[in-house]
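Dropping the structures in below, format is structure tokens.
In the two complexes below, subunit A is the common chain; its partner is subunit B in one and subunit C in the other.
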Partner chain A sequence: MTGEYIAFFIFALMAISGAVLMLNLDRVIHMVLSIGLSFIGVAGLFVLLKAEFLAFVQILIYAGAITIMMALGTMMTSQHKEDKKLKRKGHTIFAILGATIIGLILLNGIRTTSWPNEAANLGEDNVIEIGMAMFTKHVIPFELASLLLLVALMGAIVLAKKESDK
Partner chain B sequence: MVPLNAYLAVGAIMFSIGMFGVLNKKSGIIVLLSIELMLNAVNINLIAFSRFGFYGNITGQIFTIFTITVAAAETAVGLAILIAIFRNKGTISITDLNIMKR
Partner chain C sequence: MADLLTRPFSWLNLLYISLAAVIMLGIVLFFVTYAIYFERKVIGWIQIRYGPNRVGPKGLLQTVADVFKLLIKEDIIPEKADKALFRIGPMLAYLPAFAVIAVIPYSEKIQFADVNVGILYYAALSSITITGILLGGWASNNKYAIMGGMRSVAQMISYEVPLIMSFLGIVIMTGSLNLIDIVEAQKDSTWFIFPQIIGFITFLIAGNAELNRTPFDLPEAENELVAGYFVEYSGFRFAFYYLTEYVYVFAMASLMTVLFLGGWDAPFGLDFIPGIIWFILKFMLLVFYLFWVRATFPRVKTNQLMGFAWKVLIPVALFNVLLTAVLKILNVY
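Up next, the complex of A and B:
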């Protein structure tokens, strides 16, 4: 039982410290890499929640694809100085205030609610359960998701390509 | 067994950090990353409820798959928009994108 607690604290620390590092580092590329640490920590939390398939998906898509794509985007847009120019003081104060209030409301709600204690039985094999549910109950959202990915792919190409033929 | 509210607390903290990043950061890429952070917090909540919720079942994980799909599409299109903006204006700083204000 204590091993699970230790793993939880390590992964939660990874997730939150990656996010805090993203706010505090100076260069954009370091921020992108530190958010990768956060994504890996979240994948570890998924493993602790018995969602192994989603942990793999998280590492493949977030820690792999999205982080690398953001790093490439950073290189292509060459932003070296992130926060060098004038900071609007009032804006920062209001941003801190808003985020803190939202966080405190959420944490207070979590603290005061009485949650169920027993874990649900999600089956022996996570992948089989997900496949059965996805291809029986959720077929139409699945097809719509593939359509969305196709549209996003074409839209990204159209938006990012050079308009040379005009 | 780690209780449900520990996972929910991690999700809430990550959501607040992501929200602060969206509101305060200047670089467009970091704003996109903060949005991804908020979506990740939501994913933690969905999976935690799928295991420890009142009627825990596999549907939370299915929802998470769709969330990840939408987040990947959003990242691709957002990055394409940022590259187009950079080509036209030479910067992706949020504070310089004020053409509608003038």
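Up next, the complex of A and C:
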């Protein structure tokens, strides 16, 4: 048993339990925090896969988003516990059935794909590799994505401006 | 020391790693204790009064007494608070504050982790602290606490953007996110405070705001919000929030030393003095700067604060990135 093995189990447990808690808790803040646990678990898995850059970007962006979600959740939702939960009988059965089918399809996909035996040299400078790939091979999608973000930003300003003028 | 992490896993190795962390914790706690004393003395000196001088010789044990008082106080959790989150809040705020210290290289030999995305690690983990602060404010179920928490979130997220952008100039110059490589690059050329003076000034201001210290201490403005997000906290939980702030002073001053002042690099070829001494001297200078600013500036208003971040600091930081990139292409560096 190596340290990596133990760490994998801890992070995987964090990722899964965070997601399960997110679905089962009642209050918005609790849900947001548990999804945060899940994000950090995923970031830990990235570290184990030697993708440090991706891991810390994951924490930077998603942990920031957690705080924003918490702030919005506090402002926009009711702070009292809601007792009544919508319950429909058929849902549980369909949910179990759906989850099993998706799981089987994914398992089948993973088992039948032929994985390359050795990963390309990701070890030392994967930040440089990511940068190179992004700004040479994938430069057009990258620019399109930034354009999309810019449009969204301007749209938000226009909408907010309209409301504040009233 | 850094090779501890790359060795295969064994219990002895784990013991060494834990021991290193505990020693570092001891050093940080010692720093915090005497930083508070130093701060009070400096502010006293600037305001022409004595500062603490009663407990121990020259008042040296004042902070020890204060901390002891905090630790033996009753631990109060308000009736209407969200009890579990009220407990998690201070932990979530403190944990990343201590974790960021791991990537900072103090001298050629004293460095804990050689992470090849060191700067990013610092930026990513320090953003988790904001969650801890908002959580504490929310879980207290108190209007002043939640308002302090909200202000803190708005401020820290706004100032994180120019803070991270002010790193970028250095990253462009060295072509690395690794803090150890950045120090090595400064050894070969010059300290980055000279070619990156705009970045340095942006960092000084944004760093001060990130630390929630005067003149940017709106989240805990006593005259408006009683005490901000930790109003309801007492005893050792309050001590943890307080500790978080000062550990970030430690981390931020260390980071600034590494990025802009050449880390353990000796100036004017004074190599016979060990690197760690140079590191401590530069570090102390930056800590003194923080206390100096606190003693001399008035607090800014919320609208000025946000306007300043988005309209002045971010454009300046962006301009610095652009300028550095252009100069890099023209091969000036």
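In the analysis below, the second predicted complex is superposed on the first by the 124 of 166 C-alpha atoms of A that agree within 3 Å, B and C clash if a C-alpha of one lies under 4 Å from a C-alpha of the other, contacts with A are read in each partner's own complex, and residues count from 1 in each chain.
FYI, contacts are C-beta pairs under 8 Å (C-beta built on N, C-alpha and C of every residue); 3 or more make two chains touch, one makes a residue touch a chain.
Remember, it's a predicted structure, so these values are computed and weren't measured experimentally.
After overlaying the two complexes on the shared chain, residue contacts for A:125 are found with subunit C alone; subunit B is out of touch. Contacts of A:59 after superposition on the shared chain: subunit C is touched, whereas subunit B is not. Look at A:33: by the touch rule set out above, it reaches subunit C but stays clear of subunit B.
Looking at the shared chain after the overlay, A:74 reaches both subunit B and subunit C.
Note on subunit A: of its two partners subunit C and subunit B, the one contacting more of its residues is B. When the two complexes are laid over each other on chain A, subunit A has residues 4, 53, 57, 66, 70, 74, 126 in contact with both subunit B and subunit C. Listing the residues of subunit A that touch subunit C in their complex gives 2-4, 6, 29-30, 33, 36, 52-53, 56-57, 59-60, 63-64, 66-68, 70-71, 74, 124-128.
Those residues of subunit B whose C-beta lies close enough to touch subunit A in the complex are 1-10, 12-21, 23-27, 29-30, 32-34, 36-37, 40, 43-44, 47-48, 50-59, 61-62, 64-66, 68-77, 79-84, 86-87, 92-93, 95. In the complex of the two chains, the subunit A residues touching subunit B come out as 1, 4-5, 8, 12, 15-16, 19-20, 22-23, 28, 31-32, 35, 38-39, 42, 45-46, 48-51, 53-54, 57-58, 61-62, 65-66, 69-70, 73-74, 76-77, 79, 82-83, 85, 91-92, 94-96, 98-100, 102-103, 106-107, 110-111, 113, 115-120, 122-123, 126, 129-130, 133-134, 137-138, 141, 145, 148-149, 151-153, 155-157, 159-160, 162. Contact residues of subunit C toward subunit A in the complex are 8-9, 82, 85, 88, 115-117, 120-121, 123-125, 127-128, 130-131, 134-135, 138, 146, 150, 153, 157, 160, 175, 177.
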